[in-house]
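The structure under discussion appears below in the form of structure tokens.
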């Protein structure tokens, strides 16, 4: 019990003490340069804001074309600002592919992978990074096999295995495969972070008689929570946009995902750019929402105070 | 405390998810004794084929009230990449639209995944309706398109031709060309006024269709049969129709008749140039005709085929195939019947699609009249020249990227032919 | 970690802590090991077996021995594709990691203290968003931008440039253009990882350094970068692997063209599996590709372990 209180207390302290810069005696000497410094802040901010806006320009292009009518697009091209407002392409697409169903499938699958993949990575990394199992280097390399092998090399064997076990065309098989493949990266990231985990905290916990499971749950997880949320966010987004695995493994439309449904807008010879822009912007909203929710936890819970 | 509950909550969720997924993930299995009919296609919602087939579906339901009809609209990419795997699994439908070609239909046919339809084709009269378009469903034991068993039935057709802006032609005093010389003169007339005549895209498939159209202009049926049959290594000499086509493309590009910068354009960009009146001529497939009909409101447009050419790129459309593992094959044949009958064929033609056997007097839509007439003429005179990328799997990719550099001017026609020959011969040598 | 850790160790006498046995940690590896076996190892071994056959994906494969590998050794297209991989490593690993680390420090250490968390979070979200956009759409939109008559050239012409390049259609410009798009796509990945990692660093280090008059850049070089070593290694390795396997973005932008200019090994592998149905050959390509990447990974991890040990 003491452990928990301390852990949460120190994290709370650390959170509160993330300071706005406190000026010390040396800095006071530079107070004469304060006005110039103030300008530098704003210049840096402006430059970064500009870079971010440029980075978002493709999204802007997609957005303005998503609401155009086909005639507007034809007459003025993709770069012109919209002179029309028409969401019929979106509603048609939504109905034609039953997009609600596809979004639900995508949320289930991506959510499942986010959770499972992170849990598997956590367990692996706990053993490798903190447990320091012998031959951990070799195990890490073996694990990386999962990220280096091209998916198409694995897909035929996986297809036959799924066929035999009756898991072909189920969401479960996609979750399992994606979780395992994602956990390779997750394990590597977490193991690297956990290798430099402050040993004193672990020793202190062990001294207090904590079991390994308690150490994992009460000490390690709170401290690396930011990285865990990064992992979950990545897994969710990568799985959300994964096209290949659902394409091959999910045949029936009722199990299909949003990313594949987008493929219906690109036939062999024809594609509808305005519909594609509209549908995909709608399609990424859940992923963006996921990211925005989780990024709030990314800066909280600074760890270092726990060392005290 | 907070951390513990958060972790516990996550783990509980993690445990619940697979249960939910397993429940949702059950693949459709029909009840015992209940007859079902499952059909898939990937035509865009509302296009002529889709319109006709939806109508057929309604008729089918009325004719078979005891059958549970299950239709799914698929994604083209899925049938292209995973088609073989689907046909090999227990989830295969009773009937599906399939991509024609050696690498797709031919490959799965040679592996025994498709039902041989030869008997049904003759007994139900599909061969008479399809005529020479039936080639796209006919494959030999090695999976090569040509004389052999019928594994697929097309119910519509397609071809590629020039589409032109009548208003711009009139404004510039240009007539519809009937010979290649006249075509180049027409190009020149526009070029001299500062207008790039051809809306093309060498960064995408349109340029290779133009290349094939030019090849067919210099080819005959013998050359065609040899080319598709992989009879011998690719002829790269200057006598070869393909070489001559490459030279013409390179020439046109250097003259500015087609934009060398089109190597950086997508197909959609080319159509946009034509639609907006920027370029007076484009070389497009009939799958674009409906789009033109709907979106071009500013000017009159028309069609002409490659001048002076007998053969023309074109073929039967995508084919209906019946998987070997299908449960309800008779129902599948009934459905094919419906898509091939006069009502559906006329419907397709009136929607702007190309039927194989529409009654000309029943077509009221002018665009429909135009394309159907052209197609039936081509089919009757056996002038459907298919497409140049069909003989060899992945040839599409090779031709595309090399046409791109040919048009951009960074590769000569000789180099172009060498690249094509490498890929062609590699497969040709294994076929004996 | 080093300073206060040393202080702590001296300040605490007494018996050494009980040795955490390796065996105790082994059960934690079971779920991962099981999954790995089924999803990765078995299929990979099967893939190697397939690489010794000629097969179209269905039906029975026919054994051909080393024929696929012999053909691969002489395959110009494959090895020239690897050349491009070097450039993709620069575009997807080197630049995004370096730039990402720097920007992360700026956002975390400069913007956030002065302008608050909201500002730095919004900027981070904006820079990360390219990772979320589906590749197909990114291809279409970048096509509009890089089109010879597209956004960039429109701006260039306004600025007086006479004949702006055909970015995606010119053999000399295609690769750099694709590289630029890849940087745009990859930057957010490292940025987010680094920013999460920077939350680990004891703020006292930075405060102490500042009190001693260290500049922002000095603190970046001497505190942030060393502390971020685990994350740097991870980001570098994973982005390098991603660069060697990159397929989607290249495919939608140029399809490997013009000619051979942007051809990549994994596109080549994919087109053998699904384009030309030469699954046996594709398996050989995939195996060789995997081996090259593994070799790289081993080297990386060895270096990383050594620096961890030194710490």
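Note that the chains take the letters A, B and C in the order they are written out, and that residue 1 is the start of every chain.
Convention: a contact is a pair of C-beta atoms (placed from the backbone, for glycine too) under 8 Å apart; a residue touches a chain by one contact, two chains touch by 3 or more.
Computed from a prediction, not measured in an experiment: that's the story for all the values here.
Distance from the centre of subunit A peaks at B, each centre being the average of the chain's Cα atoms.
Looking at which of A-C and A-B shares more C-beta pairs in contact, the answer is the pair A-C.
A separation of 37 Å divides the Cα centre of subunit B from that of subunit C. Averaged C-alpha coordinates put the centre of subunit A at 14 Å from the centre of subunit C.
Averaged C-alpha coordinates give centres for subunit A and subunit B that are 39 Å from one another.
Multi-chain contact residues of subunit C, defined as those touching 2 or more other chains: 57, 140, 274. In subunit B, the residues that reach two or more other chains under the touch definition are 80-81, 85, 88.
Across the assembly, subunit A contributes residues 119, 263, 266, 271, 273 that each touch 2 or more other chains. Within the complex, the subunit B residues that touch subunit A are 1-4, 7, 10-11, 13-14, 17-18, 20-22, 24-28, 42, 44-45, 72-78, 80-82, 85-86, 88-91, 99, 205, 267-268, 272, 275-276, 285, 287-288, 291, 294-295, 297. Within the complex, the subunit C residues that touch subunit A are 1, 4-5, 8-9, 17-18, 20, 22, 24-26, 28-29, 31-32, 35-36, 38-44, 46-47, 50, 57, 103, 106-108, 110-115, 117, 119-138, 140-142, 144-145, 150-151, 154, 184, 187, 189, 192-193, 195-197, 199-204, 207, 210-213, 229-231, 233-234, 237-238, 241, 244-245, 248, 266, 269-270, 273-274, 279, 282-283, 286-287, 289-290, 293-294, 297-298, 301-302, 304-305, 308, 311. For subunit A in complex with subunit C, the residues that touch the partner chain are 14, 17-22, 24-27, 41, 44-45, 48-49, 51-53, 55-59, 61-62, 78-79, 119-121, 123-124, 126-128, 130-134, 137, 140-150, 152-158, 161, 176-177, 179-181, 183-185, 187-189, 192-193, 195-196, 198-200, 203, 206-207, 212, 216, 226-227, 229-230, 233-234, 237, 240-241, 243, 259, 262-263, 266, 271, 273, 276-277, 280-281, 283-284, 287-288, 291-292, 295-296, 298-305, 307-308. Subunit B contributes residues 80-81, 84-85, 87-88, 103, 107-108, 111-113, 202-203, 260-266, 269, 392-394, 396-397, 400-402, 404-405, 408, 410-411 to its touches with subunit C in the complex. Those residues of subunit C that touch subunit B in the shared complex are 56-59, 140, 143, 146-149, 166-171, 254-260, 271-272, 274-278.
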